[in-house]
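Read from first to last, the chains carry the letters A, B, C, D, E and F; within each, the first residue is number 1.
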Amino acid sequence: MSYFNQQQAASNQTFMQLEHEMEAMTDVFNKIISSCHTKCIPTKYSESDLNKAESVCVDRCFSKYMIVQQQIGSKLQELSQNVQEMNAEAAARASQ
Amino acid sequence: MDINALTPYDRNRFMAMMEEKQVKDSLRLYHNLVERCFLDCANDFTTKTLTAKEEACVNKCCDKFLKYSARIGQRFAEQNTAMVDIQQQLISENASQ
Amino acid sequence: MSYFNQQQAASNQTFMQLEHEMEAMTDVFNKIISSCHTKCIPTKYSESDLNKAESVCVDRCFSKYMIVQQQIGSKLQELSQNVQEMNAEAAARASQ
Amino acid sequence: MDINALTPYDRNRFMAMMEEKQVKDSLRLYHNLVERCFLDCANDFTTKTLTAKEEACVNKCCDKFLKYSARIGQRFAEQNTAMVDIQQQLISENASQ
Amino acid sequence: MSYFNQQQAASNQTFMQLEHEMEAMTDVFNKIISSCHTKCIPTKYSESDLNKAESVCVDRCFSKYMIVQQQIGSKLQELSQNVQEMNAEAAARASQ
Amino acid sequence: MDINALTPYDRNRFMAMMEEKQVKDSLRLYHNLVERCFLDCANDFTTKTLTAKEEACVNKCCDKFLKYSARIGQRFAEQNTAMVDIQQQLISENASQ
């Protein structure tokens, strides 16, 4: 592959990663908006502003959501590594 | 992810994608807001126009939701500094051209 | 830009506007279907047809949804104009 | 939005987009209808087939939903005459070619 | 149309059908995941595994979902055939 | 639907589409799982970190959901053998090239 094509391929790869990251960010943002509204904002709508209790709830809700995302992300990564290790062991045994 | 790997062509592609995404996100926010405030406020189906109570509810629902999502947006940007930095770098490159 | 390219650019612009409008119409239609079913159609399903009360509710529900959409659309437009005015004032002060 | 700004090429593109959209919308209606009537009617998990009561419920749910969404569709078309007119203009142009 | 273009057109047609089928499968899969979780999995989460009752419910839920999908699919097909017959009759009368 | 109608070019297109779909489906599963376990487990907003009870709930919610969706996936594959066969045929053709 020419240098130009290598550059183009690396650039396209980065572009697609950025595109996927932005779609993921939008998805997570929308889920937090929906989830924390359910948890923190009563639907009576007695006033136009977030009161103190609601503001504190919203910040804590966001924080907890990020922690749950981290916790589950780690579990999924661990599971995926276990699967890879099992596949590697099975391949090693098969070739003996 | 090396942002400097983006060729000028792909930098433009990324800016165009971000613009299209912002238009779509604004429209989605608007439509979701309408649905939410309708579900929460419109409860009196003896009339086909909004009652004074329903109209006041929609006003407060809308204001409250915009302040609420601005706050979530702030917390989100604080958390996602890497992506925010990349976006800002590309925007300022584009502006100085 | 040649006349042909200008035509092509204007046509493409119109095409994209039509595409966005049709996507928006689909989104609004689906949200009304969902919202007014919740408000007007009981889930007992005792008969196959819409009875008189349900039909009246559906028409009024649709009408109210459109009014809420108009009301919120006007608020958002007002807000966006305020932001533009504030930015213009700030730019004017900065250049003094 | 000047519909006459559309070149013949983009008129065809729009017709193709409308066709694809109609296919996708019909599929979505079908899948949403299945989900809704399942949620509302399937409540007896002592069997793996539908009970007579559940099957009758699904029938009425389906009929009622189709009549309901036809009614909403009517109201919606009455409201969105501009877009309906554009679509009809392009369809009749296409038919007379 | 040359033989090559005919091949290309048939291949593209098959590709689009496969693409639509895969999107439909994903949509149905996600709806079953959501619906049967609601019907069968309590949100107390007292243990990590599916117990016997939950497993049986999940299998039956899946089975019922498929039957509902078949039942509604048949109704829609019947309706669409009725519409086609009515249009054919109207066209026949119009040409007399 | 004649799978042998696919030209080599379209076979590659289909493989690429399946790969992209698998990436997107995995991400969607992850994000939906996070949302579900958050909604079901996070209920104590007197703190900004998870309580021990909430963290244990998230663990079990996650494990249970993965086993649950694996079971649904099995039932689904048993039902959709036609599509599964097509996918496997194309994968093995690709592997033997």
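Basically, a residue touches a chain if its C-beta (ideal position, glycine included) is under 8 Å from a C-beta of that chain, and two chains touch if they have at least 3 such contacts.
Since we're looking at a predicted model, the values are computed, not measured.
Engineer: For chain B, which other chain has the most distant CA centre?
Structural biologist: Chain E.
Engineer: Find the geometric centre of each of chain D and chain E from their Cα atoms only, then give the gap between the two centres in Å, rounded to an integer.
Structural biologist: 15
Engineer: Measuring centre to centre with CA averages, how many angstrom lie between chain E and chain F?
Structural biologist: Taking the mean C-alpha position of each chain, the two centres sit 18 Å apart.
Engineer: Approximately how many whole Å separate the CA-defined centres of chain C and chain E?
Structural biologist: Between these chains, centre-to-centre, one finds 29 Å.
Engineer: Which positions in chain E touch two or more other chains at once?
Structural biologist: Expected reply: 59, 63.
Engineer: Among the residues of chain D, pick out those that touch two or more other chains and give their numbers.
Structural biologist: 28, 41, 59, 63
Engineer: Round the ring, from chain C on through chain D, what is the full list of chains in order?
Structural biologist: One full turn from chain C through chain D gives C, D, E, F, A, B.
Engineer: Can you list the residues on chain C that touch chain D in the complex?
Structural biologist: Those in contact with chain D are residues 7-8, 10-15, 17-19, 21-22, 25-26, 29-30, 32-33, 36-37, 41, 43, 45-50, 54-55, 58-59, 62-63, 66.
Engineer: What part of chain A is in contact with chain F in the complex they form?
Structural biologist: Going by the criterion above, the answer is residues 20, 24, 27-28, 31, 34-35, 38-40, 56-57, 59-61, 63-65, 67-69, 71-73, 75-76, 79.
Engineer: Which stretch or stretches of chain B touch chain A in the complex?
Structural biologist: 1-3, 5-7, 9-10, 13-14, 17-18, 21, 25, 28, 36, 40-41, 57, 59-61, 63-65, 67-69, 71-73, 75-76, 79-80, 83, 86
Engineer: Can you check the complex and tell me which residues of chain F touch chain A?
Structural biologist: Within the complex, chain F touches chain A at residues 23, 27-28, 30-31, 33-35, 37-39, 41-43, 45, 47-50, 54-55, 58-59, 62-63, 66.
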